[in-house]
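Next up, some structures in structure tokens.
There are two complexes below, and they share chain A, which is joined by chain B in the first and by chain C in the second.
Here is the complex of A and B:
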């Protein structure tokens, strides 16, 4: 039974947002005290080279240089999640910018002199900066993978032969998506504070609890202990997990016995950062004459870069997730993840789906054109619905996909009505549509469990503390947890303090990824509130208050009589109906799924190829909206990030594997001057399993964007864009060669 | 394979710098003589210092009072070396007198950047893509150079800038300001650039044009066109401009002129754009900007009539 509740419309207490806008947020770099030892690294100038010798003596002779670490100091330690393949300091450089030697110094000038004084000899090896080159390179980049293929995935569902026979029309294409950096505002910053044998790692991260778990094993070997402290984080979008800088700083702090810090300059953050996986996707989709989508085949190659990180999981997701949008009869997906000498890749908002949506949603559009069916109507006819179990095993609970499609159709028609097509020799206008879907968490992420814990602890001063390992990476989690607890316990928000991620105090949490935090943490917050209320009514009776006394009254009395320690509760959420996916990704991996449909109107300057997005509509089924302003923020942000991916952003690597655009001048993320009007529409879906009916909104808004714009460009100009980013020059060229 | 020795990639931290803040020319020249590098807004210099680790001695030019002056006398405009771009971009008077320069100054970087960056800094950086430069070329800018002995020389901007990033400023010399010839009667100028982003971007190509009409307001009496970001320095497309003289601005005339401009430029292919795309942009921008310059004359007359 769904009790339909309207989205929370009223004024939003966005305390964290206000703090940030006023410059009060404190990031890791703001916590570095004067006199802290500074750390820097010497990076490989080669894409692939063996380090033959390192002479650290000239560096150590520089006054102010305190210590140097070389690969030998980290023998046997490799990072990665879940596969480990990345050294802390490397003996074989596998991309330009990889850290080889680390230096600690008392000040920045000595640090720079120290780094420049190092002698490092390399033997240059043949390198491959594209998947095609890596597959033909007779030199494995990692000894364990002779053909440079990290992982192969195969997912076959349904009766392919039977389905194939029913297809009357096939459309196919090969699509190329690019690597882009995450472009968070706060570059990677690490501070390690030393407290006896305890090392405190201060750094923004998606998963402090897991980080602590991973590093504790390593530092235990040095006889040290470790906790992670989570400061404010200036964005991540999927980039900030384990990283060599953490261990370099931990090792120096332990060796020198004093606080050390390392803040990457922007250029270094980009050359030694992480990127979205570039993919080459061959896809074909077959339908019947009356527009039933029957079969889909995907062959995908993903560029892993030098190290794996979440590459395997992203590749599998890219190969299959978007299939779940439509009621196909048969699916056949093959994917290969390939090591190259590029910057290590990493998951990035959308987890592979923006890449595969770029292919799939363009092909759906082509099908619509071939079959003479309106593209929205074609999607509606085949749309997944509530109660479906998809071919990949998703058990779809609430589903507002068709509602999203209806909403954008209505908006686009109204816009077309108000703006009749103008005849212009220079500018062409067009409309595009695309859709997307996403899970909420992923049962396969950590094979042990998928759950969230959240504690409510009454402090002696009467403040109610929310403590959880489910962290904020800028999506508004702190405010959301605070609002849920305040509402449930009828407490002023001012009486609630939120502490997320400090591993010394908070319960273990898997962290913020896969659009899971509001859903999992929100459910745990509701559970904790329930238990806390129960504890309050027990205490009320014991201390002679009426059983129905308000929580605030019980808390005040508990403070007055010194019984605050009795008021604490740990809430928990662990979904029951999810299943561990098999090797091919089959399984009900999430407790709920989100859906969305986007549309846009573009104006193309055919003289220069410049695309202008005139208007953008984004309809999302996110369950009940818990905070309208925040939800809109996520959608508008996601759309703009998607527009950067669609039209402008890229990592340009020259023949030697050197990044040619290590900065925002030539990695053209949108600025405020590029903002386009985005109309956000939320469906009336209520998700039984979600906290107060909610699902999630973090990743979904970026997924359809590139495909949506590509479809609009086609509608305007008649040319198909198979390659990202769709820069003015590429569009101009395609107009000249095709048109 | 022979092992090769390579330098380490240096982190791009800003090195520790010493900033001198002289209050008069004498002190400034003393600093420069002692090896300091002149610093105006620092929007180029600080970026270079981070990337290259030098210079580490900087002498701020903002303390020189007379370098803050913008002087308009008749058709002449003189802009001092410490004047930030936002100050000239705000001025309505300058906008009608040296339109092409001001249109360039108004699109450099972003609001924050223009509050800091100077016109003279843009000139001394001598980038072929400097946004104020094409305008300065068509406005016959003269660069005022001074030395410690107090002697002055005035150099045509096309001679002052000799190669990408290179000027013929001698050691110990400084630029005191730039003097430009403003628009006279029946004259208009305009500037336009093509970027992929609406702020904080560099031009893939840019064009400035200046047009003077005969008294019939239709026949071109004189024209000049300068092209940015499509050669080692800003290029004077004199031949293309000459095609317009003695004619009216009919579409075929404009197209011919734009085609010639596109032909005579020398763009490179790099990670930002290919040479032939840049040529295409020059073609598109030239047509557009010659018309815009012409429109300034006709629109300007219209407003005179109206008042």
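Here is the complex of A and C:
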């Protein structure tokens, strides 16, 4: 355990990281040239209102204002992936901050004056900023959904009646999780370059190939073509997909025939950004006296906000995924996704599991207490194992879950030994444990296929280009692909150029989501390297080199004799044993699954209610670790995002649906001063299906965090936290009512 | 009449149109002088991505009007000593201190300031000194390790 096999790449070859640290990375806003036309929008001040009239004339009279777009310019176009229900510019505002009219101007001052000069009349409609209100609102947000329920899911597995009879102890609770913004550091930025009839969309997104596919259809109607260029991306965490700003910029660029750009100020990025789905989760779990987890029932309501995008998929995942951690005999999950007049929700690292883990892992803790079994032991007894097929159809290949549990148990015991409980009138100390699981990609994401392609192309200058539609959003993909190919082909990393997400050249890719990029892209890189090596040995023979000549020699000779075009290969990876899930989410949706167990020690100030996380342990089964520093980075970063979700971050909305904290000052993401020591432990699992034995690590570390902290708070104070974030005020109140 | 404003940026005089007097230094550096290593994360002084040195002191360029720093020596990441940047970037890569990298230039400028030793704060804990620099990706641990190694 926690023995790590040698990483594939040493930090020395981390070339993209070095460039970034020198300030050489170029994000979308950095690529805007002087003289580019600037775009902005007028936003609805109302949470729910019909646009009655728009007068654009006063704006157009302002010198410097070049053009205006209104909802009529985008009739019939609805955005969102995979669910489409979001207009580009809207005739009915469904949240405060929704874009209604767009303005293009030659400079910032004219732009602001132009937006100011627009006359927009609204008929205000009744609004609902909570699920409960939306369910009773007699005003549907979208005509097709009269009760505001977007989607209902039901997943029943096993023999519920038989299971129920075996249960001796039930625990139950209702849990409430909040919406939080992704709060990536680079605000959303879009640049469109015009090249004749070709529109080049420069923007950071999770899936450039899919963006291009979607937008091409639309711009074809204008007689234009489109390619997507992917610059460096300053974080996303599940936020940057399709977005109205893209089409607004594309439309202006096409109409004006010149480059246009739109960079959202932080405030706008939060007001009109995306958030994690807030959820209300009613859950009960039943066990036998000797600690066998038998049955679990979940009833869940999720707040979709104004538009859907990945909302339905996240809701289904939240309803069932965490079930796969334990060998339950029967499961019964119901979920409803509800439209509200909140900021549109979107997937966010963990894809619904941090929400359901907050409920499940607290209940497991309660069960342990009720049954008098150690909480780690209870989890171990019921842990899913390699070779299991879970009730939801997951075929578990490698599984290091119990190893994770063993590892944290050891660490916690050692810590307790070194820090015997002290009696203190002001501070209470406590330990907590929680676990999580995640799939790698999801066969249900795109009904057509789940695969990755990666090409190796020898450029005339002798550089070997890696080209893929899978992108990097800060996880180290560029350096990882570079390292895999360099290692396989025994080439200097300096001879390799990595081009990700430029749709004019790269093969189609589904993109970077569901912790799939290193796994899928990595496999495709291995396949491409194999094929490229074969192409090299063929060419070697033809040009009179020894068949065993090194790849570097073949490349050099090919450049010298002008035969570079013959050296190219496209690798692919498409898992065989995955299945398309049914309506209820049943299926072996991923080629491999990851597991993790966390523990923490907290200190609660009972005078102020403040929680301090003193120490944090995160054990993960991520298969073979490909790059230790990168893997640690994902774990520590994920844990800190989780701590923000657990303790501080939230979206505060007033009675009129207006966001009260659109900025870093009032949406408290963790700062340097909040950094918590995180000890990362990786199991020795080797995943047969993975690239060099690896699985994935981007999302898993955020999943158990809130539950882990909640369990520690309970251990310290005896109070149960059912609501996120667990702010000092909430803790203080619970101490004074329950404690 | 004066039509240009002369700034001292990264050791050289740079002329910018007088109209930039009342604009944020951040915009002048990025839009007029093309110094794209200076990033905007919030525009409100909360994130530190836009940090530059003004007469050797770190400041948020999103909170400064250009006219105010006319007589000052302005240093952006592009103007940091090459030897420092080489070392800083190598250490960052070694310790895994960079993920998306959007926060890194601001941190580089802060680190250069500390490195130059022009402050008595040098022995304060890194978590305090850098509390004005937000990073949404890393959870800070590896940046702290890298900065410690840099010391």
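Keep this in mind: the second predicted complex is superposed on the first by the 727 of 739 C-alpha atoms of A that agree within 3 Å, B and C clash if a C-alpha of one lies under 4 Å from a C-alpha of the other, contacts with A are read in each partner's own complex, and residues count from 1 in each chain.
Here is the rule we go by: a contact is a pair of C-beta atoms (placed from the backbone, for glycine too) under 8 Å apart; a residue touches a chain by one contact, two chains touch by 3 or more.
If you're wondering where the values come from, they're calculated on a predicted model, not measured in any experiment.
Of the two partner chains placed by superposition, only chain B is touched by A:121; chain C is not.
Residue contacts after overlaying the shared chain place A:729 against chain B, while chain C stays out of touching range. Once chain A of one complex is fitted onto chain A of the other, the partner contacts of A:184 are limited to chain C, with no touch recorded for chain B.
By the touch criterion defined above, A:712 reaches neither chain B nor chain C. Legend: residue contacts after superposition of the two complexes on their common chain; A:192 is shown touching neither chain B nor chain C. When the two complexes are overlaid on their common chain A, residue A:265 makes contact with chain B and with chain C alike. With both structures placed on the common chain, the touch criterion links A:137 to neither chain B nor chain C. Within the superposed three-chain model, A:670 lies in touch with chain B and with chain C [touch as defined at top]. Shared interface residues of chain A (contacting chain B in one complex, chain C in the other): 265-266, 664-665, 670-673.
Interface residues of chain A, counted against chain B in their complex, comprise 40-46, 52, 96-97, 100-101, 107-109, 111-112, 115-116, 118-125, 264-268, 271, 607-608, 610, 647-648, 652, 654, 660-661, 664-666, 668, 670-674, 727-729, 732-733.
Within the complex formed with chain A, the chain B residues making contact are 1, 3-13, 15-16, 50-51, 53, 110, 194, 196-202, 271-274, 277, 280-281, 284. Within the complex, the chain C residues that touch chain A are 30-32, 36-37, 39-44, 46-47, 49, 76-78, 85, 88-90, 92-105, 108, 126-128, 130-131, 133-144.
Within the complex formed with chain C, the chain A residues making contact are 11-12, 14-15, 17-27, 29-30, 34, 183-187, 232-235, 237, 263, 265-266, 473-476, 629-630, 632-633, 636-641, 663-665, 669-673, 675-678.
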